[in-house]
Every structure is written in C-alpha cells, then in structure tokens.
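Can you read through this structure? Questions will come right after.
When the chains are written out, they are named A, B, C and D in that same order, and each has its own residue count from 1.
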Amino acid sequence: MIIVMKRGADDAQIGTVTKAIEDAGLKVHLSKGETQTVIGAVGNEAAVRSIPFEAMNGVETVTPIQKPYQLAGKELHPEPSVFDLAPGIPIGGKHIVTMSGPCSVEPGGIMMEVAKALKQCGVQVLRGGAFKPRTSPYDFQGMGEDGLKLMAEARDETGLALVTEVMDPRDVELVCRYVDIMQIGARNMQNFTLLKEVGLADKPVLLKRGLSSTYKEWFMAAEYVMSQGNRRVMLCERGIRSYDQTTRNLFDAVAVSVAKDQTHLPVVVDPSHAGGARKWVEPISKAAVAIGCDGLIIESHPEPAKALSDGAQTIALDQVPGLLKILRPIAEAVGRTI
Amino acid sequence: MIIVMKRGADDAQIGTVTKAIEDAGLKVHLSKGETQTVIGAVGNEAAVRSIPFEAMNGVETVTPIQKPYQLAGKELHPEPSVFDLAPGIPIGGKHIVTMSGPCSVEPGGIMMEVAKALKQCGVQVLRGGAFKPRTSPYDFQGMGEDGLKLMAEARDETGLALVTEVMDPRDVELVCRYVDIMQIGARNMQNFTLLKEVGLADKPVLLKRGLSSTYKEWFMAAEYVMSQGNRRVMLCERGIRSYDQTTRNLFDAVAVSVAKDQTHLPVVVDPSHAGGARKWVEPISKAAVAIGCDGLIIESHPEPAKALSDGAQTIALDQVPGLLKILRPIAEAVGRTI
Amino acid sequence: MIIVMKRGADDAQIGTVTKAIEDAGLKVHLSKGETQTVIGAVGNEAAVRSIPFEAMNGVETVTPIQKPYQLAGKELHPEPSVFDLAPGIPIGGKHIVTMSGPCSVEPGGIMMEVAKALKQCGVQVLRGGAFKPRTSPYDFQGMGEDGLKLMAEARDETGLALVTEVMDPRDVELVCRYVDIMQIGARNMQNFTLLKEVGLADKPVLLKRGLSSTYKEWFMAAEYVMSQGNRRVMLCERGIRSYDQTTRNLFDAVAVSVAKDQTHLPVVVDPSHAGGARKWVEPISKAAVAIGCDGLIIESHPEPAKALSDGAQTIALDQVPGLLKILRPIAEAVGRTI
Amino acid sequence: MIIVMKRGADDAQIGTVTKAIEDAGLKVHLSKGETQTVIGAVGNEAAVRSIPFEAMNGVETVTPIQKPYQLAGKELHPEPSVFDLAPGIPIGGKHIVTMSGPCSVEPGGIMMEVAKALKQCGVQVLRGGAFKPRTSPYDFQGMGEDGLKLMAEARDETGLALVTEVMDPRDVELVCRYVDIMQIGARNMQNFTLLKEVGLADKPVLLKRGLSSTYKEWFMAAEYVMSQGNRRVMLCERGIRSYDQTTRNLFDAVAVSVAKDQTHLPVVVDPSHAGGARKWVEPISKAAVAIGCDGLIIESHPEPAKALSDGAQTIALDQVPGLLKILRPIAEAVGRTI
C-alpha cells in the first residue's frame, strides 16, 4: 500500500501513519520527496486494508497494491478453474457451454417444448426464471415453486442442466432442491446477504455483473460467495449502463479478458441482456466467442412476441440452431468448440 | 403509449399491434406518415405496459407516455407529502431534518456520547449501522442486534429518533423493534425481496438511490415499497457512479429537483457518501439545502480516524455545530429552517 | 415527429404547436387521450427539426422519428459503401484493411523500418502522427511537416497508403499534399470547423468517435463531412469513457454493429486506444473482426518503451505478424479475409 | 511518481526503470515488498512525465504524485485569482458576475432590447453566439461577423461586457476585435489548436468543461491556454454526460468545489446547458451560488419559443429579475453579492 502525504504534512502526521502500519505488522518504507512524503506499507496488505488512513490528518491519497480477492484471484490459483455444472457438463475448459430458454418460466408445456428443441441442437443448460426481479411491482413476478417443478420435469426428460435466478435468501434451499445452477442477478450483485447464503450452498453460482459495477466489485462479489465455502462461481458479463440507449446496456467485451487476466473463474456472456434486442444477439455472441468466453446464456422462446417478459431481446427457438452454426467456426478459430 | 413502426412495416404487422392494444381495452390512433406509421394507444397505459410490442415484427420503437409510478408520482397526489419520522419529527415540511452519527455502531459508550452531542446542536435523528454492506467479506460486518441495543439506549436517553440500514428481509422485524426508520442502502435499491418486506412494515423507509439508477428506477423502487402498503418513503440522493474518481461518487444535485417535480415524497441528501471525503461535506450540504432537500444525513464520529468504517468521509462530532451554523442562513434564504 | 403535450395543456397551446407544423408544410395527426394529447407531424421531418417545440407552453416531450443523417444513413443508401483509400486498397468489402505504425512520427529511419516490416506481413496502411493532440501542453507536440515528409518517403519505398491526424483547419491542404487519409481524432469529433474543412478536401477521412459521443452524434459528425461533398468517410470506434479505469477506455464492440445497422459507411476499430495497454490489443482485435469491422488501426513500434508517445498501448513491430496470424481464421470464420 | 512492478519482475527490469528515472535527474527510492517492488521517483516530476514507464517490461502501474497543471494549479499560486473581464467588471472576488442573453445572436433589434433589459436588472455581461457549434450541419450556423457587430452596438449603448464563442482559430483575431471575452465551447475543450490560439490573445477566456472531461483534463485545457501567456481563464461547469436523459446533461455541482480546491481560477456555472430545460435553471442556479461559483451564464430571450437555437432551455427575459431576486439572499448567506 502506498500512502502519499499532502504538501506540508508534518512529522507528527507522518508518524501517526507509520505507527499504524507498524502496529499492523507491516514494514514502512519512507520516501521524503522535495515537496511530498510517500509512505510504503510492505507486507501482507490484508492487515492494513481496513485502517482508515484517508481519515488521518495530512494524508492525500492511499493506493492499494495487492488484490483483495484472494480466492477469486489468480495469485494463489494461477490456472483457470474447470468445474462441473452438472455431471458431464464441465465449464472453463475447451468447450463453450450454451445455456438457453425463456426469460420467465411459463405455465403449460412450453418449458418441455423448449428443452427438447434446445437439447437437439446441442444446448447444455436450460434457463428459466421462476422468481423475477421486475422493475415494476405490477409486472409478472414469476411462477415460483410451480415454475421450478416445470423446469425439473424438462430436465428429467432431456438431461439438460437447469439454471434459475434466486432473489431471496430464504429461497436458496428451495431452489437448490430443483435446479443445478443458482443465478445471482445484476441487481443483486452486491446483495451481500444473498451472496453469503448461496456461498453456503452446494451448487454452482452464475454471478451476473452489476449494472455499473467495477471489475473489482464484481470479483469481490465472487469472493463473498467463495469465502463461505462455495468455490464454483462463474462470472457473467451482461452489459453495463451507459449514456446511449440505442442498446439496452453496453456490452463490455473486454470484461471477459479482464476477468480472465485477474481471476481463475469461468466467464459467461449474456448477449440478450447486454444488447436488449434480438438483432444484437448474434453480433454480441460472435464477439464473445472470439474474445474467449466460456459460456453463453441466451434467451429463447417459441414465440418471443408472446413471452411473459423480455420478449424484445428473446430470439425465436428456431433461430438457435442457426446461431450456433454461425458461432462454431469462430469457436474453432480460437481453439474452442461450442 | 406511442409505437413507431419500421419503414416498410406491412398491414398485417400494423394489425397485430393495433389488435393487442384494442384487446387490452385502449383505443388506437393511427398516423400513416410518408415513410412510417405511428400508432398511439389511448387510455390507461397500465393495461398495455407488459405487452412486448418491441418483440412484434415491424415495430421500431415504443415510447410510454404515462408515468408507471402511480403511488409515488404526483399525478394522483400533487401536494408534497409530510409525515412523522417519530412523534414530533415531521419531514417534508418547512423544517429540514438533520440525521447524523457514525457509519457503524461501535461498542462502548460512543453511541451515547454521539447522541448527546448531536442532540445539543439540534440534530433530530441518530444514524448508525448495525448491519453493514461491505464490499469485502473480510471487512467488519457490523454488530448486529447488540448494535441496535446501543442505539436504543441512546434514543431513550436523548429522544433522538433512530435510523439504521436493513439488508436482510429476515431482519426487518428485528430492526423495527429497535429503530424508527429503516434505511435501504444503495446496493439494495433493486433488491425487490427486501423492498416488499419493508413495504409490509410500519416504519418510515429511507430509500437510497442505487449506484447508477435512473430516476425512474428510483421512483419505481419507492413504488415497490408503497405498493405493499407502507406509504412513508423518503428518497435519498447519495451520489452516483461517474468516470472521475476525485470524488467517491458524483453528487447529483438536480436529483432533488427531479424527485420533487415527479413525486410527492420527501428527499434527503447524503453528502458523506456523495463526496466520499470530509472536505466535500460542507459544499454538498450547502448546495443540497439551496436546491430544496428536506433532510440531510451526515456521518459524524468523535474521532473519524478511529471509526470502524468510512472514516475518510466522516466529519468530527465537534464540526457538526459549525456546519449547521453555515447552513442556517442558506435554509432561511430559501424559506426553510434547519 | 411525435409531440406529447402536458396534462392540462389547453387548446391554444395545442394550436400553437399544430400551426407551426402546418406552416412548415407537414400534416398534423392529433390524438386526444384521456389525460394527454399527442401530436404527430407527418411528412419530411427536416422541415420541423429546428422548430423549438420544447420551448412552447404545454409541451412535455418531443420525439423525432426520422434519422437526421441523410447522407450517412442507410435510408437513401441501403448498400454498404466500398471505396478506395488509395489505388488498390478498397475498404468496406470482403477484405479487412489493416493500418499500423507508431503513435508519433519520429526522426531518423524508424518510419522506413516500420513501413518495410509492416508491408512484409500484409499491412496496407501506415499510420503516424505528425500533429499530436496531447493532454499536456508540455508534452511532445509532433514533428509537423518534417514528419509528413518521412511518411511520404516510406510510402514511396513500400507502396503503403498513409494515414495521419489533422488537428488544425489550416493544415488540411498541407496534410493532403503528403498523405492518403486524414484522421479526425476523438477530441475533435465535434470540431465542426475542422469537419467542414476536411469535407471540402478530396481524401478519405477516418473519423474517430468522440470520448463519450452518442451514436447519433458520431453519425452526425460524418454527416458534417459528407454535407460538404466528401463522401469517403470511415467511422472509427476507439473506446469510450467509462467508470472503470482498468482499461484506458471502454471498447464498445456493438458500436460496429450499430454503425452498420444505421449507416452505409465502413467501420474501423482502434484496439490500441480502446484498451490503452498492449495486452488488450489482441483480444479487442479478435472481437472486432468477429463482430464485423472493415479495418483495424493498431499502434506498433520497433521498441514501444522508447516510443515518443503512447508506448504502453503500442505493440512491438515483431508482434504484428503473430497478431495477424491469430486474426486470419476468425476473419475466415465470418466470411472475410485480413 | 510511484511505479509498482509486477510480481516476479526481475532485477534487469527494475534496473531499466530506475536508470530512466536517474537519467532524468530524479532520485530513486526502492521498496522491495514480499511480493512486489515499488519504485518512487523523487524530485520534479515534470522531467519524467513523458517517459513511457507503462511500456517497460515488468511495470504494473504508474501513479503520478504532482499535479501537471503548474500555471492553473494552486501549488504556486495559492490565492484565488481575481481579474477584470472588462473595466469595472472583476471576477473571482466577492461579487458573483451574471452573464445572460440569447443562445444565438439574431438579426434585428433583439440584441439591443435584451441588453437594455439585462442592464437594468444588474446583469454585467451580454452573451450571444455568432458562430454556433450545431450538432447538425443543416441547422442555423450563426450570423458571423454581422452578429458580432450587433453585439458591439448593444455594448456601446449599455456598457455591458460581451462574451461570444470562438470555434475557428482563424476567427480569434476577428472575435477579439468586437468582444471582451472569448468562450471555448464544451466540444472544443480539447481542441488544442484553438486553445493555443486564444492563449496568444489578450482577452479573458471562458473555458467550458468538455462533455465528459475529467477534472484533470479540464484543468490541463486551462493550462494549454495559460502556457501561451494568457492567464485570464475562467472555468465553466455546464453539465456532463450521464445515463439519465431526464435532464440534457448532469450538473456537477461539486466541480465548482474541486476546481476551487485544485486551481486558483474563477469558476462560472451555466445552468441552461447543465439542465437543458427552463425549469431547471432556477434550482441549478441556487445550488451553484450556494456552493461557491463566481459567475453564472444564463440563456435568456424575449420569446424563447422563437429563439433561433436552444429555446427549450432559455428563460424569458422578464424572468431574469425574478431569478436574481431569488438568488440574492443565497449569495448573502454565503458571504457574496450578486
């Protein structure tokens, strides 16, 4: 950690800072410049991270050097993680996992129809929302446990793994009873109560990036889950907020590269939410595969215009095989399969 | 609602849209332009809001006209709301309510010391965090119920009202047993599970704006709470994310004006989080009072450099009277007291 | 154009709006809703675009329907443009054009060395800055005409085309005497004086997107150039400003797709500025090729650590062949060559 | 300057960095931590600022300590600057200068009418655009020199000082012949050619902040002007780009405080562009005065709905006295006059 003192900071102020560092068991390196003093705290930064140096008199800036996400980070785990989403469905390796299905689980036979069609074209995971985080309290809030049951039936029939969002810490157990993968939505990325709860469960977690979260916040959210014991976390880039509303969100392609540079976790891309309209799903998927994602999660529905939510960004079920056909040569071009 | 069709949209596509509008009980106004057709849906927009027009073939853009926040909005409630935070402490009227105290509740006699000092200079509400949403799982997570007890003792002694953050829907009942006002933190602004839970409780809610939430999302979060029955919601501007990290967040002064233009709810400003450093607390507070806030929530501590969290943005307890002295003439200049 | 009136707007206010529309030669379609009146202006929107409807009493919102960029847009020119950057170097077709070279032109034989090496590995355009837009007035400002001469010598020897930035409208003639393509930098994207001047010249223009310009502003900047007569404009995505400074800018991959959806102009990607560090050049280039760019402009230098500017984001000259080798199969996978 | 080396950086890499520092005449302070080495460059940072340390092998991050804006900064000029905009019109002192007038200069007697009315209510500077930076090439581009003449006549009659935007470096001399203050628009904040040109002129400069420029970029733009000799620069906050388009831009109130914390230059606020609609002019002006601005520049027009540009954000001329009346007690509350 590097602490830069203000011009004119006096010896007493410098002493307060250095004492705090030494009390925490780190060594102090002092550089007195012509105009300003710079203090280095050498050793394990975790021991000084919570000291409020910025609040001490005479301190101008405080710059951490070490990464605070020890479990998610690559320093102690340099190789990329590969783990199973369900038996026979590893993520993080050569094969790019595809996940698809409707935004909301719907009554009737739709989940089964979707699952069968997706299975046929090589999709490995069925998505569907039983608990829906809707911007308006008056919108459809999801089918709840009845929806989970419909998903489980579709799995039993097709062998697809299941992913669904969990919003309430009280639902974690219930959700784990039915599905294979728990999704944390973008709006809950810093719902620390929920992160801790899924960290105690024994199912992989798909952690969506917050609407405008920094990379560090995203990786720290993964750290929250992992610190409770659950190490099977996937990061999911789904677009961030920006100033141009031509697309619903701004797809941050380089987030995949940054996540792979700084963590060992698999990275999934969600082109449906990133673009917010059907026509952007294909181009975003192409860029995602080329830049190195480990998975894609794509909203699909037999009739998007009748979907209970997110219809505009949902592709038709019969478009899925064509999309995968377009993506395959790109995957091969970067040494992967899909 | 205005639906603009793409160039070349055919009659069948236009018909699908108009049928959906009419089926929902609204009237259709059709404008066939030289190049594009524009369809107006006339009537109560709530009935068509969840129809996925964007997913229909031939549709280019969909623009809502009516505000979706009926309970928070001014259309049905044009006068500003005034309600009691605790007996004798109304918010939304002429007097600007001040709330202050440390970021985290701390053990020992500090809460009592703070409460007595704040009471003396006219502060009306004591803040303190018993459950802390920390970016790192390794940081201090708050004292929990023990902290709430320390706060309650301070209230019993001084008569200050109490505000504290609630993060877990399972804690709402507990928190309500001890404090007067529940705070929803910025990271939980779209934690809909939590919003619904506090909406069922009988205590006022201080709803912080999300890190980069739009005005509409903020007002819809208030609507979530209100739709459950709890109408005592305060909006709290606490700075949004921006590209310059000189300040921790970007204080959006005009958010106060927009909130007052579009809702009837009282608006509180949090200069501590908005600026993220002690030196910005005074200027932000001055702007907030001048632009019309109904309350200020300011972090203070006897010794900020020893605070358990947020020390850098916390002012010293003995700076509070001076700050209020500076703010009083500004409040008077805009017809208020503080 | 759709004009939504406020609740309670009276007939006189509505009349003022409709009269202005009719006076401009357009037809009025009026929808009186239960609470609000909506006015459609049907016809050629160009005639009403500069009328300040928002300033009229009773007006709530004004929404244009037609695109204001007639020359850049696809409505009148649905096919993608293909044009020559120099004889035998078309852009916009099947082949993706690569442009490379140092940020700043440097004295000595470096430009010649770079040009020869780039020529060998298939690069078609040599880049180099003779006039440098530096954030600090104390930084190296470029070699000026002497730099242009060094570039011209390198072209004469190798046959590469030349691209360089022009910053001053008074330099346009000079720059055109030496190089093949004029670059407008991101900071000058809305320097309308300069845009008009390059619009009068007879060389292609590489128009970089502004630091946080909207798509519409970008396309309108192209329109400025084109409105003066010069139709050979390339759009260049080079990253936009965002809140996470891990990368210098935020690469907006989808900007390529949006530009191709709404204009007929070729789109170039600049991975060097988008990422701001050498290690992001490869992943951004991969995503750019996969998503459909027509060109790449990449900073390279024999010894980046000795470059006069932008060393951190410059790749070593001997890395260029390896990068192109990685990109070729991706280009093929999307039906292109590079 | 602090240079943090990557984990595993070897002695040769460290040596390259330290040699470069020493060659530039600064001293090296080396801290070898457990995992990473930190190198401090002690002395006048200006000498190392252009060395591309980031491009050297083994370097992770480079953090400057000293401010690069020596002329604009407070380090060498701790007292706030006060200077005359025209004889008898100082800015930067106790009195807050008001500037007003239409967005565009218009033909006929309007400038004279506006000037007389503004003079009467205490406004000191007349604004008007003769050269207009319009997003569309098809919009009204300004009256040019004829407009300047109309402004000059209004000054001769009323004694108001004049401010107008200059967009073209070739127009600086012409503009200086007619007006007292040159305005650099937001879109030209990093038009370095133009900045240098106005830096050579002998009239004060009103430097608007770029659409999304950082504080440092803004202060460096001032440094560009000042480095040419012209020290009379005013900074102007006019709102920045954000993700919520309810207001045209996002008014950054704290920019005033940051500018005063880090520079000695007077700071002006433009509530018209910051809010983009008439109704936000009053609240923004109130916040601006309370937070410490030295001037306000407000668009006004006898009939905003007929203004040639920016009508929606222009207040009616007869609203100006009322606005000033509201602002006066706030100014007094913070020890100023207006």
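Just so we're on the same page, contacts are C-beta pairs under 8 Å (C-beta built on N, C-alpha and C of every residue); 3 or more make two chains touch, one makes a residue touch a chain.
None of these values were measured; they are calculated from a predicted model.
S.K.: Quick check: more C-beta contact pairs in A-B or B-D?
M.R.: A-B
S.K.: Just grab the chain with the largest centre-to-centre distance to chain C, centres being mean Cα coordinates.
M.R.: B
S.K.: If you average the Cα atoms of chain A and of chain B to get two centres, how far apart are those centres in Å?
M.R.: Here chain A and chain B have centroids separated by 26 Å.
S.K.: What is the distance in Å between the mean C-alpha positions of chain B and chain C?
M.R.: Comparing mean C-alpha positions, chain C is 39 Å from chain B.
S.K.: Per the centroid of Cα atoms for each chain, what is the distance between chain B and chain D, given in Å?
M.R.: Centre-to-centre distance between chain B and chain D: 32 Å.
S.K.: Two-or-more-chain contact residues of chain D, please, as numbers and ranges.
M.R.: 212, 241-243
S.K.: For chain C, which residues count as touching chain D in their complex?
M.R.: 16, 46, 49-50, 52, 54-57, 68, 133-140, 167-170, 187-188, 190-194, 196, 210-213, 217, 220, 223-224, 227-228, 241, 277-278, 304-307, 309-312, 314
S.K.: Considering the complex alone, what residue numbers of chain B touch chain D?
M.R.: So the residues of chain B touching chain D come out as 212, 214-215, 240, 242-244, 246-247, 250-254, 256-258, 261, 274-275, 279-280, 283-284, 286-292, 329-330, 332-334.
S.K.: Of all residues in chain B, which touch chain C in the complex?
M.R.: Residues 2, 4, 7, 29, 31-36, 38, 40, 42-44, 63, 65-66, 75, 241-243, 245.
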